[in-house]
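Two complexes are shown next, each including chain A; its partner changes from chain B in the first to chain C in the second.
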Partner chain A sequence: MPSIQIKGLQKRFGALSVIDGLDLDMADKEFTVLVGPSGCGKSTTLRMVAGLEDASGGEIWIGNREVSRLDPKDRDIAMVFQDYALYPHMDVARNMSFALRLARYPKAEIDARVTRVAELLSISHLLSRKPRELSGGQRQRVAMGRALVKDASVFLFDEPLSNLDAKLRSQMRAELALMRKRVEKNMIYVTHDQIEAMTLGDRIVVMHGGKIQQQGSPSDLYRRPANLFVAGFIGSPPMNVLRGELSEAGGRLCVRGSGFDLALPDQRGAALAGRRDRAVIVGLRPSSIRSGATQDGASSLSVNIRLAEYVGAHSVLIADCGGEAVTIEVNSESPFASEGAAQFWVEPESIHLFDPVTEAAI
Partner chain B sequence: MQLSDGFEGKLMPAGATAGAAVPTPLRGTAKYLPLRKALNRAAPYVFIAPAAIITTLALAYPMLQSVWLSFRDWSLGTPLGQSRFVGLANYEWLLHDPNFWASAAVTLTFAFAVVVVEVLLGVMLAILLDRELRFVSLFRTIFILPMMVAPIVVGLVWRYMYNEQFGTFAHLLKALGFAPVPWLSSPKLALISVIIADVWQWTPFIFILSLAALQSLPASALEAARIDGATHWQMVWHIKVPLMMPVIAVAALLRLIDAFKVLEVIYILTEGGPGLSTEIMSLHIYKTAFVSQQLGQAAALSNMLLLIVLALTVIFAALTAVRQRREKLAAARR
Partner chain C sequence: MTSSSIRRATPASYAIVFVLALVALGPILVMLTTSLKLKTQIFGEGASFFFMPTLQNYDAVLSDGQNVRYLTNSLIVACVSTILTLGFGCTAAYAIVRFRFLGRDVASTATLLMRMVPPAVLTVPVFTIWTYQYGLNNTLTGVILVYTGLNLPFVIWILQSFLVQVPRQLEEAARMDGANPYQIFFMVVLPLIKPGLAAAAIFTFRIAWNEFILGLVLTNRFTRTMPVKVSLFINEHNIEWGQIMAVGALIAIPPLVFTFMASRQIITGMTAGAVKG
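Entry: the complex of A and B
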């Protein structure tokens, strides 16, 4: 079965090294999302898998074939481009059937496949239109349809939704999620939008500066980010980052800084033993900050609320804690002064700690 | 082959936004609104006007003069005032003149032959040289050079090369052990030789336009085709050439119109000979005017040439329109 393996993949443009030793294993039928900030090498990686870009080093295996020296057409792949890349002079049906016509499939089979995929994507009524007569969302579907018609074993997507407006994007995202259930294929999906990554991926690969920062399931990445970069990249609004110091008071482990004194779970004691009285970076998810104070007063976060943004079911508070900006998500039902001092606490289990030098999670 | 396609599309929205942007601040002074609107609507014509006026003057005056002249009998060297009105006599003469029909045939053969060969060669060269290899940019420059040489010089150079005793080709053939070829003195070969010279000079025109068209093709569509399994030549045939077609069509039309008016190179190479074998219409007109000194007849001749070129352009435009209409109908029917 065609699992995909990437071993020590490298890419240099002249003296510039863009990808430097990338290793990645994808199981069969897995939906892998490459996510990262602009310029981190996601597209380059995907294009090397597609064969549009030659690898400067390393191997790419699809199933039991090493494909990194093969032509794109011999790799059994289909790709959806960011700008759709439809053939402007062909109507939708001919766009979708181009690969099959080149491969000399019988006409009946071509028609059958195009019809089936067009129904799947609800574009049957567009088959005789030229790309320029379609809206952005329709072009997007046609591009998707062209890839599906090929029935390749690997699907590659390079930011397929980024040219759509926000509403259409979330709609297409939902449709993609549905389609991905019906079409059981290997898919590699590139995006810089972490929400797309979280909602679509079985496995998310976070890249930064040509290196993999962390890979795993969406909840892995959300709950146990491996380093500060991943912690800040995954999750919206992003995690709050505060400087603090580990200490032990009355046999209880806690992390302190200006404006906060937060209790940590007892079971972390052993792992943190060597870091007592040393500086750490504290990561707090806006959603794990609770209003009020604990009975024992063991955990407290004192902030000065500057602004409350009403979003609907919840509100986002923009506050200030010892000189650092903090965002807090609260239930809109609970009464909140939109400005002024307020008291919060944080669930001990949801506190993230990072080494101030290596930025790795502790 | 969509000459008019982009223009209408672009002009309309521009005018529409200009009109839409006005109302809000002017709402209070409603009586100025129609004036504003009218001005907005007039703006494109105002901008086009200077060019239109100059073109009309520079084009219409000589054209009308030539039409007027074609109804008169005027010999070179006599005052224009002494010329006689002869009605349609000049046209009657040329329709019965076998030389006119011969030169019309030569002109058509020449024009279509050069356009076909130049388009094929130019597009092929562009496709071959559309890649990033070393020396390719040098080749590109070299291929463009012939176009920059003045036609008179082209004529002289080729006349020398074709010379049967000491020309370049004669030397080459002799060195290779072949019999000499009567490039310009054989009625059968002369037209071909003339065509070769024109192809040499004007293929670069098609070449640079095709190259520019190729380099502005959407890169991702070509990549999509690679992934869809197209080989190099399938890509050329199914993607590149169809997408270049509008540019190729316009370039070919420009060349065709130009080919009908070519004069200098042929004049220097053959002076229309041997016999009438290379006497294209512009040369025939020239000879009628300045050798036979029949200016009225020459005017009638040049009007005929104008009509032929006009007819070709109209046919071309009509074909484009018909094709577009058919496409729209086909899309609507499905």
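Entry: the complex of A and C
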């Protein structure tokens, strides 16, 4: 099975450049997720890989073939669409076998494949139904079945779960994760939902404004976001962003702002040497904020709690720190004030710093 | 519809419905009864609701070999022009809806403008061109062509409105499944616009079946169609009312059958379940 390479891919609509020189390498059998806000070019990229959209420039390699000028059917690709796109006048079995029938496979082979995939997706009992007689989740499964039956070497998913309700979505997400273990194929998955991206992807590609902001494993992106955009996009609830200033007090490096004074790990001293007494943007994950005060008082975050949202195992506090909104995740078991002033501290290792001009991570 | 908007039927509403039914069905009733009468009964005095029905008129009409030939002509003309119109119509409408090309909007509007020209206006030019340029006068081909041209604008227009409802994603899915443009059109798009095709077919068939003026001008005694033949029952000697009505009753049957057959295809919600609405 082949790897996928995208080299200098471009897409322009008239004068408007949607994607400008995108480079991306996907290893064999890798599950790549393209994630980003709507209009970031992720779907367009996927459609160009599929061949539904012509590339304005650049190359797309699948294995050792340059496919960007080929017809979709010659690219050995299967695709699952956002809105299912089932043929409404055909029953489920005929929907699934459409590609094979077009390719004139022998009937026995078609039947065998459809039966096998239907069992895999547990939709065997639906084979003689029409799409309109199916629920949303069943339709989505059939749409996946239609892609699986083709046994193509590359699978493309264009926001396949975005039409399902929240409960079904998490269920289908788990099924997808299971399915991809059984079906070892190259998969490219487009979504705007960072949770889907984090849970499904081997590799996540965060896109914004037609450019790749960062790519890497889910934990890479979560722990070491390359810039403020990725930091704000990955993680739920999103990272808190505060304005502050780097300073050194008593030989210790810290970052200060209105309402907070947080110690930074000593080993970062060298990297931050040139930025002393200059403005920085501080990024704090809601989950890395701890309640109480440190013993030496070196790290403090004073907030005014406005609201506590009880979620279950943890609670989310909506608070105010020096005029900026801050969300804090706390364990529901531990006692905390649900309103009023409170003290918190932050683990030095989990503080993210960004350049206020370039927004790149420091 | 909310329940408050459904009002109960009143005697007045029944009366209105009755009058409307009388207006619509009365002439048909007169046609049927007249076709079952002898000439003396038709012109006889007094109430004529009670009479001994006779099939003599039908016998006269059907035993005339000419009428059978004209009926066949009519069938050929109506069927062939319907098939041609639908064939050209659905492909043209598809091109206008789906493809981007120079003059697309002009083509779309122009087709409808063509429809606004009354057929009677076309009679003389069509006759001249058909006769002197192409030699198509007095042929069924000539009649079929002019009916096809006449109906095409409306069919293109009506099918456009059905085609824009076919989700583009379905066609993309078919492309991914390896269908070429013709397979997409015939295997995915056409089955979904069946209701539109049926409506267009009914419309086309009936126009072609009933058209009189162009049929009169462009045919001769071999290629005549049935509506033209009916008018020939009126001559300088007499008017064969019984036979006119019998022919009228007979030529109402094919479009009736055709309409019932085609209208079974008109079910709404063909694309239900295709994509999330």
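Rule of thumb we're sticking to: the second predicted complex is superposed on the first by the 361 of 362 C-alpha atoms of A that agree within 3 Å, B and C clash if a C-alpha of one lies under 4 Å from a C-alpha of the other, contacts with A are read in each partner's own complex, and residues count from 1 in each chain.
By definition in this document, a contact is a pair of C-beta atoms (placed from the backbone, for glycine too) under 8 Å apart; a residue touches a chain by one contact, two chains touch by 3 or more.
Since the structure is predicted, the reported quantities are computational estimates derived from the model, not experimental observations.
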**Report entry** Combined model on chain A: chain C and chain B, fit or clash
**Finding:** clash
**Report entry** Contacts of A:254 with chain B and chain C, given as first, second, both or neither
**Finding:** neither
Report task. Have a look at where A:22 lands relative to chain B and chain C in the superposition and call it first, second, both or neither. Result -> neither
Report task. Using the touch definition from the top, say if A:139 reaches chain B (first), chain C (second), both or neither. Result -> second
Query raised in the report: Looking at the overlay, what does A:128 touch: chain B (first), chain C (second), both, or neither?
Result: first
Report task. In the overlay, answer first, second, both or neither for which of chain B and chain C A:163 touches. Result -> second
Report summary line: Where chain B and chain C land on the same part of chain A: residues 50-52, 71-73, 77-79, 81-89, 98-99, 102-103, 130, 146, 150
**Report entry** Residue ranges of chain B in contact with chain A within the complex
**Finding:** 218, 220-221, 223-231, 234, 238-239, 242-243, 245, 330-331, 334
Requested in this report: Show which residues of chain A lie in contact with chain C when the two form their complex.
Outcome: 50-52, 71-73, 77-79, 81-89, 98-99, 102-103, 130-134, 136, 139, 146, 150, 163
Report summary line: Within the complex, chain A is touched by chain C residues 167, 169-170, 172-179, 183, 188, 191-192, 269-276
Query - Touch list for chain A against partner chain B, complex - result: 50-52, 71-73, 77-79, 81-89, 91, 98-99, 102-103, 127-130, 146, 150
